[in-house]
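These are the structures in question, set out in turn.
You will see two complexes here that share subunit A, one where it goes with subunit B and one where it goes with subunit C.
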Partner chain A sequence: MSGLEAGVGAESDTPRVPGAPGSAGMRLACEGASFSYEEARAPIPALCDVSFDLRAGGSLALMGASGSGKSTLLQVIRGLDAPETGAVLLDCAGPADAGYAALQREVGLVFQAPELQLFASTAREDVAFGPRRLGWPEAQVTSAVDTALDMVGLPPAHFAERHPYALSGGEQRRLALAGVLAMRPRLLLLDEPFVSLDPGTRRQLVGILERLKAAGVTLLLATHDVDLAWTLCDELLVLGEGRIVAAGSWDFSTAGGRLFAANRLREPFFVELWRRLGRDPQRAPRSAAEAAEALS
Partner chain B sequence: MSYSPDETAPLFDISGLHYRYAGAQADALADLDLEVYEGEFVAVVGANGSGKSTLARLLGGLEKPTAARRALACGHDLLVEDGRMAARRDVGVLFQNPENQLVAQCVEDDVAFGLENLAWPAADIGRRVDEMLARFGLEELRRREPHMLSGGQKQRTALAGVIAVPRRVLVLDEPTAMLDPAGRDEVLIAVREMRGEGLAIVYITQEMDETVGADRVVALERGAEAYAGAPGGLFADTPLVRRLGLGLPAAGELALALAERGRDLPGLPLTMDELLDALAGAT
Partner chain C sequence: MKATIAQYYAGDSLLHRCDPRAKFVAVSALAVALFVRDSFAGLAVYAAAAVLAYVLSGVPLAWFWRAFRPLLWLVALTFVAQVVFAPGEPFFSFGFVHLSWRGLELAAFLSLRLVVLVLVGSVLTLTTPSIALTDGLAWLGRPLRRLRVPTDELALMVTIALRFIPTLLMELDTIMRAQRARGADFRRGGLRERTRSLVPVLVPLFVLSFRRADELALAMEARCYRPGAVRTRLHPLRARWSDAALLVAAAAVIAAGLLV
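What follows is the complex of A and B.
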């Protein structure tokens, strides 16, 4: 757990203007969180005693086999499902603390295939839905929508009045992301955001997430894509059958490799390349550009 | 009754195919040609919205072509209702969103669904379902309700149901999209085995590395064919790849990044092994 606990302290006390763009990221801690789904026969445990700590502004890849509890964990962190035991702490505050509900509103969750939930008749109205529900004044809503559309590469001058269904699948995915970003989350949870995107849109989304990370937003990225997880995330959390089986820095030692295989994962491409080139896999590049730099 | 008697005829024989959604301003598929023969593995790529999933629905007999010079699937004419009904039986289609494909109350019933429709004897269905559950690691989930499964588990269940029915041709629309890396490998191995058994497979994907072993790759651009041929030929045309919103397999992306820095590798590597050979040869 050491890697995840690093950085506790100063960041979480950074003063910030609520809802202001570029405000510092949120610190997240799960303490013994458990959750089960009710099914006809018996409850199915989905999360079991999950504890970890992600520093403000950190980036964490949430990985693990299909059905290991990744989506459930994101929903519990977002507050859509209450943990049966344990708690989700946001900036060190728990559910009993004053201001917890306000902190929860600064947690953004981008669902799997979020474009399926687009519903308004223009892109602007769709993105404005969340900020309006937060009760923001209309001028602030408008500027938040414009900023969010720009951020996801859908400039409002060209896209704001378009019908969401008239956009391509990749544009719809980015519009749905804008709807979450417009509420200016300080902690952004993403559930398989790259699935079914074409490679060009994937590159755009990686760029958007890199900019959010640079702006200090805390990122928690659930994905099966080990290559993009390695590109984007400083740290790793692996779930297996609802329990944490690894947390902290990426570990490409022999033991780390066994853990990857046991959890249906594989090493990132550049890590395998570095190993096969006889180089140190821990120092493998995070992108093709970095790899080319090191090899030329 | 069920298949074209001519074993050498293409399983898909499509020429000049057009499809336009009701009320749309432009064709979703425009003047498309496609021939797929027994044992062929044809990858279909293209940006989001380029028409790939529409093509899957047409090949499976779920939509009526707006127009076509010729549109045959397993010998059935997709331009007429009877032909589409027959194609729905003979063409196995895995849809992009497994939610739309799962119908039964539990996983094993879902996998058995297609076989029950064919009125297989119960004992044969049981054996076949067991085989499929084992192949996709679903044994422990066999009595679970499909809507309670994770995305990857749903996708494996849907795929097991499609593959359970013996067929000569499959259309798979992003079958690995929701899968963990090991699940992806399992699907790719299953696809390779079926290819070895002589099935024709049309394989829609956004994962460029999954196209490397294809007999042919067809790239769509706004519903029209922008490229058809060997995978290497597509990836060698970098301006086309970028224009289509695609990319190269990781090895190829690295080779391009090296070339930009003045280090040209021999050939264009598309796999890890090819990349290592090229790096060794270039030094």
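What follows is the complex of A and C.
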């Protein structure tokens, strides 16, 4: 029951946040974005007319059955694929506006199983890859790398000179996350970050994301884990076959329940618990700590 | 992903249904005949047969073009090399370039021969799934087992290699996207810089491939694969009358090309 892990907080190693001082989260808006994959016989539509707005510092859970277009949406937002129609607005700026490329560089994207993309001979070198591509002076790169490693619970004194492939699976996942955080993203996109992690590492990752959220970083989290989505995200976006089927705040009414079932989802644990206790599911706690407080 | 190697066009034409062994023998024999015969008349016969086979295969022209496009430069190179270096009385000279009618004729002949060869070969790969092709090759290579050549194992290796080309291409794409999201640029810079920018792509690709190979070997052993063991097939190859007809037709075409 992953929702129970939340709120306990990670064994915080160093709760420093690698956001530049004063830099708040980025506002994200999709306006009628569509995208399809080129295939030999006919293009396969992956996103159809996707529109939503995520306020700066907000957190949005992106859910939907496998193949519903979640990963494609994240890659389109990061600019790895250009939408065929519509646009992705970052801080209200569109692709035609000056400075859009710079804004895109402030969008961090953590791929599914990002540990498969580690390549350097030391952890430090791998994390420094992104900041160096940004053209930062070496002193700034070093401090960004140290901060990011601290942030993900891999203290540089211990881990910076280790070989990435000599680390455990959970450590590799966190190292890959550090590689993205070192670029100081103001909008962080995560593609299934909890898959195949042990419970301890999941809890650490939840703690890291909670701290980023508290620091004002905008979060967009694609996941199948409804409990962690409920714990971490204020809002919900459900995709079905490339189209938005639900967007906005969590809805646990009867209609909401039907929507969950139709998209191979279920209600979060605490919501179901609140329903069974005869309480208002809409006001269910987000974490074990909140639940304990409400019940005591 | 656009993989042009050993492309297969799923279809149900006469040629699709032929036994891979018959197709392979017919195509190989035709390829040999193409190189033995050196007259335009013979080449015309083989070209006509190749076009006929292509029409029978029902493969859209775009698919053939995709398989052919990478070889275009080879054809062009052949043509230019022949024109420039062929013997004969030149009617035009400029520097080391001597154009002669004989040279032009030879260049046209050799380029056309190459085009026909590619056409014939791609009809084979476009109408035969790679697994059927390696099965056929393994069967044809059976006599080599007397010489202790592990033909079945070689066939399996080729099958696995072909099977994983699209997978590796997809993984390559994902890794490149991930590094691009971290600011990598694979299109800018000189040769040195571009080569260096491949390191963040190739290292993970190799690590992944070795890991996958390891896991595949374990999974195969877990499913009782033993090298050298005699194995049966779910879909054994069966020759039919249409395969005999294909071989007879191929023999007739080859003979016609040699005799005209």
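Going forward, the second predicted complex is superposed on the first by the 275 of 296 C-alpha atoms of A that agree within 3 Å, B and C clash if a C-alpha of one lies under 4 Å from a C-alpha of the other, contacts with A are read in each partner's own complex, and residues count from 1 in each chain.
By definition in this document, a residue touches a chain if its C-beta (ideal position, glycine included) is under 8 Å from a C-beta of that chain, and two chains touch if they have at least 3 such contacts.
Keep in mind that this is a model prediction, so the values were computed, not measured.
More residues of subunit A in touch with subunit C or with subunit B?
B
After the superposition on A, what does A:Gly256 contact: first (subunit B), second (subunit C), both or neither?
Neither partner.
With both complexes overlaid on chain A, does A:Gly58 touch subunit B (first), subunit C (second), both or neither?
neither
Would you sort A:Leu80 into first (subunit B), second (subunit C), both or neither based on which partner it touches?
It touches subunit C, and subunit B stays clear.
Which partner does A:Ser66 reach: the first (subunit B), the second (subunit C), both, or neither?
first
If you stack the two complexes on chain A, which partner ends up touching A:Gly130: first (subunit B), second (subunit C), both, or neither?
Touch status of A:Gly130: second partner only.
If you stack the two complexes on chain A, which partner ends up touching A:Glu293: first (subunit B), second (subunit C), both, or neither?
The first partner, subunit B, only.
Determine, under the contact definition given at the top, whether A:Gly170 touches first (subunit B), second (subunit C), both, or neither.
first
Return the residues of subunit A at which the contacts from subunit B and from subunit C coincide.
Shared contact residues on subunit A (touching subunit B in one complex, subunit C in the other): 40.
Which positions of subunit C touch subunit A when the two form their complex?
63, 174-175, 177-185, 199-201, 203-204, 207-208
Provide the residue numbers of subunit A that touch subunit B in the complex, in ascending order.
It comes out as residues 37, 39-40, 44, 64-68, 70-71, 112-113, 168-171, 173, 192, 195-203, 224, 226-227, 264-266, 269-270, 272-273, 276-277, 288-289, 291-293, 295-296.
Which stretch or stretches of subunit B touch subunit A in the complex?
My answer: residues 46-49, 96-97, 141, 144-145, 148-153, 155-156, 174, 177-184, 206, 208, 242, 244-247, 250-251, 253-254, 256-258, 260-263, 272, 275-276, 279.
Applying the document's contact rule, which stretches of subunit A touch subunit C when the two form their complex?
40, 75, 78, 80, 105, 108-109, 111, 114, 116-120, 129-130, 133-134, 165, 179-180, 183
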